[in-house]
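These are the structures in question, set out in turn.
Look at the two complexes coming up: subunit A is in both, with subunit B in one and subunit C in the other.
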Partner chain A sequence: MMELVCPAGNFTSLKAAVDNGADAVYMGFNDHTNARSFSGLNFSDKQVDKAIDYARSRGKRVFVAINTYPHPARLATWEAAVDRAAAHRADALILADLGLMAYAAERHPLLPLHLSVQASATNLEALRFYTQNFGVRRAVLPRVLSMKQVAQLAAAAPCDLEVFGFGSLCIMAEGRCHLSSYVTGESPNIAGVCSPAKAVEWRETPQGLQTRLNGVLVDHYAAGENASYPTLCKGRFVVDGRRSHALEEPTSLNTLALIPELAACGVKAIKIEGRQRSPAYVAQVVATWRSALDEYFIHHSDGVTLDRKRREWDSSLRKHAEGVQTTLGAYDRVWQ
Partner chain B sequence: MTIDENLQLRVTRLLGRVLRKAPRRPQALLASAALNRVLGEQIADGDMDFMAGKALAIQVRDLDLRWLIRFDGDRLRAAPAAAASDASISATPMEFLRLLARAEDADTLFFQRRLVIEGDTDFALNVKNVLDAVDDQSLPGPLPAALTVLRRLLRGGAAEAGKPQRAGKGVAP
Partner chain C sequence: MTRLKLALGPILFYWPRQQVFDFYEAAAASPVDVIYLGEAVCNKRHQLRIPEWLDLARYLADSSAKEVVISSLILSESSADLTAIRKVVDNHGLTVEANDQGAIQLAMERGIPFVCGPTLNVYNARTLGWLAARGARRWVMPVDMDRQGLQTLLQQRPAIETEVFAWGKLPLALSARCFTARHLELTKDNCQYRCIDYPDGLELASQEGRELFTINGIQTLSPQPMNLLAQLPEMAAMGVDVVRLSPAATGMAEVLAAFDRTRRGGQGGEVIASDGVNGYWFGQPGMVHSPPLG
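Up next is the complex of A and B:
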C-alpha cells in the first residue's frame, strides 16, 4: 500500500483530509517557514496541538513542512520552527535547507526527516548525501522525472520515495525559482509564495480579466477563458510577435493512471498538492484518491475495472484543475 | 442529487424579490448578528483584526445586491451599501451558497471565472482563509446539520453548472 499524504492549510482541511481517507497530513506554521505562506493560512501553536491530536487519535500521521530557505538575518525563526515541530511531536519534518537539516539532525535525532520537493533532489548521489549526512528517511521527488527515471531511482534509492499525485504544476525549478522575485522582490524559496498576494491585482475590464503582479501585466483572460494562479511563469507574453504561455501552460498533474506502475517500482507515498485550497477541495480530492488506491491495493481490481472507474475519478478531479486540463506531467515524457 | 439550473433561476429570482422588498435595517442587523455568532471564535482569537479599518464588499450578481462588511475591532457589521471598499468578492447567489456550504473550493470557482476578486488581493485572500478555517461542525444549533444537507444538494453542481471552457491557448495578437 502506498501512503496517501494530504495537504492541510488549516484545522478544517486537516479534518477533511483525515475524514476522507488520508494516511498522513502535511501542514506548516503561519509564517514564512513554509512554501504556502499566505495571510490567514496555516497553523498557530494552539491549532497544531489540536490538529495533531485529531489526526493521531484516528491513527494518522502529521508531517510539518519547514521547507523554505532561512533568511540569513532571521535564521532563529526557522530553527525555532524546527524546535516547535519537535515539541508538538510531529511524525516528521519536511525540510529543504542543508543548514536546517543539520540543526534538526543534531538537536532532535529521533525526529524523522523528509526531504522536501524544494530541495530538488533528482539523482541517486543527492539522495545518498542526504541520507548519509542527516539520516533523511524519505525524499519527495521533484515533478521533473519521467516514470522510467522514477523507477530507476526507486530501484536503488537509499531512502523511501514520495511522488506528487495530484495538483497544480509549477515550472519545475523547485527551490531555485526566482521568477516572482524578478517582479516583486520576493521569491518562493525564502518568502514562501510564488506571487505575494499583496503584489497581485485582478481587474475586470470590458476586454476581460487582467492580472497584474506588482503592476506588471501578467495575463489577460477573455470571457469564458479559465484563469490560473497569478504567477509570472503561467502568464502569457508576446515573444517573436506571438502571444503564448512562453514559460509554462497552467495545468494540473493527475497520476491516477500511474498507480500500478508507481506501486510496482516501490514508491512509498503519494502526495496531493494544495495547502492553499479550501476544505471542499481537500475532501473531494482525497476521497477520490482513497477510492483509487483502495481499488488497486485492497480490492485488487483488474485493469478493465480500474480503467472504467478511473474515468469517473478523472472527471471529478478535473474540475479542480488549474487551467483547462490535467496531465501526467513529466512522468510520460519518453524523450528523457 | 443536485439542484438543476431551472430551480437555481427560480430560487434566485425569489430571493432577489424578497431581499429587495424587505426593509434594509432589520436585514443588516440580522446579517451582522449571524456573522458575529459564526465568527465568534475567530474574533476572540484576533483572527479578524486584519479587517479593522477596512471594508469588504460582497456583490451578488443577478440579484444586484452589494453589501459592505466592516470590523470595528470588536464586532463585524454588515449592511447594504454603495460606498467604496478595499476589496470585493462577486459571484452569483448559487456560487455563494456553494462556498457557504463548503460544496465548492474558492480557487476552483475562481479558475472557472465563477468568482471574481478585485481590489486588495491579500485582504480578500485573508478573508477567504479565515472563512475556510471555520469549523462548520462546531457552529451553534442546527447549522452543522443544515450545512451538511446543503452540501449534499449542491455538490456536483459545479461540474454541471460549469460551461465548457475554451482552452487558454496562445493566440497571435
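Up next is the complex of A and C:
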C-alpha cells in the first residue's frame, strides 16, 4: 500500500483529509517558514496540538513542513519552528535547507526528516547526500521526472520516495524557480509564495478580462474563455510573433493512471498538493484517491475494472483542476 | 577595490563549437581572473562533449594565469545526466562548480574542492558553514538574495570566498520541458538541437509587447541583463571576493572592460551602468531597475 499524504491548510481541511481517507497530513506554521505562507492559512501552536490530537487519535500521521530557506538574519525563527514541531511530537519534518537539516538532526535525532520537493533532489547522488549526512528517510520528488526516470531512481534510492499525485502543476524544478520573485519580489524559496495574491489584478476592459501580476499582463481573455489565476508559467505570451501558452497551459497534475506503475517500482507515498485550496477540494480529492488506492491495493481489481472506474474518478478530479483539465506532466515523456 | 576578482560564468546558451573556442581564446587574453566552463543546462547539447570541455579547461588552466573551474549540470533527470555529472567531477585536478547536491556528494566523497553554484540555495550562515567545512571553497549567492541578506551573512565572516552574479541574463528557472522545442512544435526527444539558432535565447514578451523572459531550452532567464556594475564599490566594501559575468554572444568585451575599469576605480562604464535590471540586489522584484531609469 502506498501512503496517501494530504494537505492541511487549516483545521477544517485537516478534518476533511483525515475523515476522507488520508494516511497522513502535512501542515505548516502560520509564518514564512513554509512554502504556502498565505494569509489566513496554516497553524498556530495551539491549533497544531488540536490538529495532531485529531489526526493521531484516528491513527493518522502528521508531518510539519518547514520548507522555505531561512533568511540569514532570521535563522532563529526557522530553528525555533523545528523545535516547536519536535515539541508537538510531529511524526516527521519536511525540510529543504541543509543547514536546518543539520540543526534538526543534531537537536532532535529521533525526529524523522523528509526531504521537501523544494530541495530539488532528482538523482541518486543527491538522495545519498541527504540520507548520509542528515539521515533523511523520505524524499519528495520534483515534478520533472518521467515515469521511467522515477522507476530507475526508486530501484536504487537509499530512502523512501514520495511523488505528487494530484494538484497544481509546477512545471519548473521546485526550489529552483524565481519567475515569481522576478516579477513580484516574492517566490517560494524565501517568501513561501508563488504569484502572491497581493500582486494579482483582475482588470475588466472593453476588450475583455485581463489578469496581471505586479502590472505585467499574464493573460487576456476573450468573452466566454475561462480565466485562470495568473501564475507566470501558465500565462499566454508572445514568442516570435505568435501568441500561445509558451510555457504551459492552466492545468493540474493527475497521476491516477500511474498507480500500478508507481506501486510496482516501490514508490512509498503519494502526495496531494493544495494546502491553499478549500476543505471541499481536500475532501473530494482525498476521497477519490482513497477509492483508487483501495481498488488497486485492497480489492486487487483487474485492469478493465480500474480503467472503467478511473474515468469516473478522473472526471470528479477534473472539477478541481486548474483550467478544468489535467495532465500527467513530466511523468509522460511526450509532455516534456 | 582591485582585489575584487572578475569571473566568467559558464555559457548558458548553445553556441557552435567554433564560437565557443573563439570566446575562450578572447577570455584567455582578457582581464578576467576566473573562468567557469562546461555545459550546465542541457546534457543533450554536444557541440563539445564532456572530454572536450575538460581538455579546453585544462588547456586554459595551463596556458593562462586564470583560475579555471568546470561546471556541472544543474538539473539532472536521467542516468545519462548523472553520468555526465560524474565525468565532470572525476576530472583529475580541476575545481568543480557543483550545481546540484549530487555533484556535492560526489566531490565530498572524493575529497575534491568545489564551488557551490548559484542554484544550490545557500541562503544562510549555517548552511554555508556546513558546506565550507566539507570542501566548499567558494559559494555563488543565489540570484534572488538581496544586499541586506548578504551583508548579514558576510558579517559572520564565513571561511569561504563569496561570488555574486553581477552581469548577464538572470537564470530564473529550469524545467523538464524544453520550451524552445515546444515553441518550434518539436518534441524534446526530437529537438533537433534548435536552441543553437538562438545564441542569446528566444525572447518571450507579454501580449502588450513587454519583454518578460528569455527561453533557452529547458531554462528560463530574464530578458534584460542583471547589472551590478554601479554596486562594485559597495560589494568590495562588504567583502565580496568575486563578481560573475554571464556570457552573452555579443558585446562581452565591452562589459568586461567596463567591470575591469570600475573595479580599478576608473571611469568609463557609464553606458553599461545604466543598462539592465538590479531589483534583486535592493530586495525588490528582479525585473526592476533601482533607482528607476528616467
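One rule holds in what follows: the second predicted complex is superposed on the first by the 331 of 336 C-alpha atoms of A that agree within 3 Å, B and C clash if a C-alpha of one lies under 4 Å from a C-alpha of the other, contacts with A are read in each partner's own complex, and residues count from 1 in each chain.
As a convention for this text, a residue touches a chain if its C-beta (ideal position, glycine included) is under 8 Å from a C-beta of that chain, and two chains touch if they have at least 3 such contacts.
Keep in mind it's a predicted model, so treat the numbers as computed, not measured.
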item: Contacts of A:H220 with subunit B and subunit C, given as first, second, both or neither; value: second
item: Touched partner set for A:A263, first subunit B, second subunit C, both or neither; value: neither
item: Broader residue contact with subunit A after superposition on the shared chain, subunit B or subunit C; value: C
item: Contacts of A:A80 with subunit B and subunit C, given as first, second, both or neither; value: neither
item: Which of subunit B and subunit C A:L328 touches, first, second, both or neither; value: neither
item: Which superposed partner A:R243 touches (first subunit B, second subunit C, both, neither); value: both
item: Doubly contacted subunit A residues - partners subunit C and subunit B; value: 236, 238, 242-244
item: Residues of subunit A defined as touching subunit B within the complex; value: 9-13, 15, 38-41, 196-198, 200-204, 209, 221-228, 230, 236, 238, 241-245, 249-250, 276-281, 283-284, 315-316, 319-325
item: Complex contact set, residues of subunit A against subunit C; value: 69-73, 75, 96-100, 102-103, 119-126, 128-130, 132, 143-146, 149, 152, 171-173, 175-179, 181-185, 187, 189-190, 214, 216-220, 233, 235-240, 242-244, 246-248, 329-330, 333-336
item: Residues on subunit B engaged by subunit A in the complex (per definition of touch); value: 47, 50, 102-108, 110-113, 116-118, 120-123, 125-130, 132-137, 155, 158-159, 162-163, 165-173
item: Contact set on subunit C toward subunit A in their complex; value: 74-79, 81-82, 85, 100-106, 108, 119, 121, 123-131, 142-145, 148-150, 152-153, 170, 172-179, 182-183, 187-189, 202-210, 212-213, 215, 220, 222, 279-280, 283-287
